[in-house]
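Consider the two complexes below, in which chain A is the common component and chain B and chain C are the respective partners.
Entry: the complex of A and B
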């Protein structure tokens, strides 16, 4: 389909971008455009003004602290995450997941900020960032504020970013000693929509000391599963214990069914991907991209 | 992927059978093709259709005023106006009462599916046309919806076409042999409650497109489009528009895939013609992908109920009985021809003698169906392959042995099927052996046994045996409607020697990637003793310059027979003319003239020779030098129509030879199923093709790859589904997961050549492929399932469906199959 006519601005600074967003009611930031442009083309939403932030240098950097903490600009693309030595070494799973989102064209344009701000439950990065304990930095005319990734996602296509605000960066804390991430997806085909997805961060030393298990696609926002996390704590870091803990996932989930998967299947798959993500994190199970 | 390399070393005059490089590739790969959207006409406007968001609704009003008020909007048309402008609705193939369906280029009074066109707008730019279409106000009054092809036949179902009085578009009973006898005398009767073949399509890379110009100066309608069967389109829309066929001028050059789907663009072309006339400008339309998915046409969906199969102890299958419901969607586009086309392969690859199919085609509030690669045969072949595997599974036969026992055997050819079709040649058991070897069958059988339960994985081996029937006898249309004046088939070609002795070929076909320019050059070159590179084949089709018959076009696996038959015939006529002129010039006997490399010479005396340019000169520019008789008779412009040897089928008995050739494709695969998720991974895949004499093996292999990928996509990923309100759930590639290279396995290919005794060159049509991957993958999933699990009853098996199947036994779900009591006892005794 074709775009309706819409005004376009390319500010030179974040401050200018914020001003344009504040001054224009039906304005939205344009990052990679991989979702926003398609939404507009399908005419499910319409806008007066697109504020292109994709080339703002302030949003394009990756800074690594000596302890391995990362500050990633909101407009860093998936391909840049995939090929950044800093990200590869501090958060290999983040680099891997970004490197497997859809196809190369999308990875060249899609941004970490857009991926989060869209808050599509099938997007790849939100559950992982929640599992990694990331912090989202939001700028507004009143100054910056920080929101934990676990509080950032509010619902389908809704986040903590308010009108006239911008997500400027994502801070990812260093991995603790003995901690490792896992990620698993069930999807229709090789590069298509996810039906169920889980990301995990597990600190283990023979025994699981701490585990974060985040489920996606089974509720409007990525959500940690307290029951499974609790069942993992103090257990042996081996597949049977993980499988037993995954059994905690069940009737508490109320996923929606759609053309890609029924609610019942999604619920069952949530259990499978949670188990696989944790097993991968503890070193049992192959790579689970996607 | 295994691919045959191109072969550039060709001995002059012997290029048939050689993989000469495709001559189309250069222009296509360099972006120099001309597709319908590349066509630009002076003063053209851009058309955009307004499509219904509802599946079934009364059109209360259509108001185009807001659209027309925009600057740059040229014209708009609504259904009501179109009805006034048309001489008649589109002609219907169906007999009464479905003959009463009144379909116009735009919906009149009612919309009948999600995507039905209610209006069309023409504007200065594509963007403006889109915006203006959004301003057309349509008021709808919703009506109840029917989306189930079986329920649609019930008396209380909402009616789509009130004047027809029923949603049954066609009903007939096909009864050959004596199935009641077979069921009574069989050792086992296997009963299968429900089998469902799903909706999908080939989603060609290029959507439909057309530029239509109703030219008031010449009073002709020029249609530059990618319609793949222009003569059919012309015959349907000509009378509706009131335009004589010699003024309705179709043309196309390159077409970006069609697969049968592009037979269905004639309603849009008719609407564009009226729009063009109204606006006094050419109307250009390029379909959007979502529009394509909503309204271009889907493949036929078919449900088989209460199938009963008669099986003997030794595994001989006598035949079967079933009730088929084919869901044609909201209008009949090319339908109900599908209701007979399946019977080209009534018994599949097997010696089944007793068949009874109670066939109903229904109308539903869904996108109309349109022929789709494997049209109507793949549904039936899938049924038969399901029968074979389910019988094997239930009665404990080895699926390989059961197939081999029941296959038509190599010395049975020519083999007459129960309904009078004549299978021309083949060697199915050998094809299967080769396929099994390619997938390393024995290794995987052993691995399957070792794996056992508890590993979380299951292995299944599957086989898909198919026939790709080609070169239709259009007389089969009379089995649907005895009033129809159609029979036989044919294709035309025109070969000439041009002014300076160049050879030029024009075809009646509309190729979409089937390499007609390459293979026609091979055939004509061989006849005239030249290399294929010396033969120029005009690209594409143009009604004003090419020759054609009513069957012309590219569809239904027939070019190698009909198109090349015509090219060969025309080239032979030209050869005879060249020889006659040369014999005169060289003062020799015609029998002594040899053609080689553009020269005519006298056998045994190379000095006595005249080049083609000399021959051309005598006819075109120097004819006083020729005897009167010769110069009046010979033109060096030769037309030939290839006509296959058909008779009119018997509509009462529903018998006759319905196609000329039967290429076979035997596929085999190994899959691994993940019990946790239902994920099916293809570990091995092989396709063995037998299409008789191959003109260009590499081109054949390309077709095999394409058909295989399409079938795998359909089996695992691709499906068009409607919700209860008739909303299409997969209206973009976000939701319709067309197979990509990432999903496709390595495909191993092999071939055997069983030349057809019935065709001019021993070749058989091929390319559609009979949906073999659907059969093979269902077969493999079945093979991986246990005794207590449900049978594979759907042709579409995404992860979730497989997951349900794998766990159906644990859940104690109904299996959907029974072996009749007495027979079950004897089966146990056997095993």
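Entry: the complex of A and C
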């Protein structure tokens, strides 16, 4: 397929990339390209300039602090997350989820930054990063700023990254003592497009002390479910209590129905994936990929 | 910095040969390989990144060449189906696809051979589950995949024998 005419530039630094993005109104950063190239093929969007950031060394690193905190460059690929000893050790669920995104070819190109900046509600990483309490670092001409992952996603294909800005890294804090993550998806097929998804972070010591439950695919952005979180707090860390808490998910959700699942089906599956994700986090569920 | 332009001069290595070219910034790598370099072994199936027929290896990564622009290949080492057999001798993967009947119409085969080659370089003795996951991005409409999985299992055995 032939793309519409578009210019290509490959800056050597983030500063040069920001300048190119600021100077050209219809410029966009090109990272892994696994969504953007198709957008251009289908002529859904028309751009003057692609700023290739995929090789910027500043965006390609994974730094691990002694306390287990991670700073992951925006252009680190899913495959690199999957195979990083630092990520495997500090945040095994993040490595696992990244290793089950679509297929090898996509994992070799797609990036953590692209997955977040696209803000497609079916994308894998946003709900997990919200559950893990990640911070998104954004560069702009005025200097860097930090936005909590829970405030980063603004809607369908909209994020806190403004015109002329660039997501440069994702900071993931260390897991607290006794905390563990869970993740569950109902998808069209293995490792494919999600119909309902939940990510959880649970701190428990026989009893659930704190739980974050983030639902995705049932609203434009990944969102914590306060009702289920409240129902989990102080309860025994066992499947029956989790199932009871998941019943709090219900009429408050207004998902959209589509060819893959009606609104009612998505709502029902949100309860299922939320229960599975929390059970996995407390060590009472099998691996849940996708 | 590579300055903004609708046309870019690129340098790359394809199957071990150093090349230079001038490409349109909007040209997909798969079109560059097929139409500019005349290397028609890399196939275009869906042209939307779904089928994997255009899979090639770029700087050690398995990529769908319809999801990458030609100017992005600047400075890269590209491996295509044309380059994997050395001196006319089929590789362990190619022989196994022949022996296990891992193809029917053959359209998806170049992409599958590249995906299998990538897998076995990284993981010479994969489990069946690992093989299935490794070809998740490559669609075959003929075989039902069973013979493809067998081919890659056999390629792993062939490779182990060759290495022994």
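Points to keep in mind about this one:
The rule is short, and it goes like this: the second predicted complex is superposed on the first by the 287 of 290 C-alpha atoms of A that agree within 3 Å, B and C clash if a C-alpha of one lies under 4 Å from a C-alpha of the other, contacts with A are read in each partner's own complex, and residues count from 1 in each chain.
The working rule: a residue touches a chain if its C-beta (ideal position, glycine included) is under 8 Å from a C-beta of that chain, and two chains touch if they have at least 3 such contacts.
On a predicted model such as this, the values are computed, not experimentally measured, just so you know.
Contacts of A:191 after superposition: both chain B and chain C are touched.
In the superposed pair of complexes, A:260 makes contact with chain B only, with no contact to chain C.
In the superposition on chain A, A:52 makes contact with chain C only, not with chain B.
Judged by the touch definition given at the top, the superposed model places A:233 against neither chain B nor chain C.
In the superposed three-chain model, the partner touching more residues of chain A is C, compared with the other of chain B and chain C. Residue contacts after overlaying the shared chain place A:109 against chain C, while chain B stays out of touching range. Of the two partner chains placed around the shared chain by superposition, neither chain B nor chain C is touched by A:145. In the superposition on chain A, A:268 makes contact with chain B only, not with chain C. In the superposed pair of complexes, A:7 makes contact with chain C only, with no contact to chain B.
Residues 1-5, 190-191 of chain A contact both chain B in one complex and chain C in the other. Interface of chain B with chain A (complex): residues 126-127, 130-131, 134, 288, 290, 676-677, 679, 716-717, 721, 729-730, 732, 734-735, 737, 739-740, 742-743, 798-800, 803-804. Across the interface of their complex, chain A is touched by residues 1-6, 8, 25-26, 28, 31, 47-49, 52, 55, 61-64, 66-69, 71-72, 74, 115, 118-119, 133-134, 136-138 of chain C. Per the touch definition, chain A reaches chain B in the complex via residues 1-5, 42-43, 186, 188-193, 195, 258-262, 265, 268-269, 272.
By the touch rule above, chain A contacts chain C in their complex via residues 1-12, 16, 20, 24, 30, 33-34, 37-38, 40-41, 49-50, 52, 54, 79, 102-106, 108-109, 190-191.
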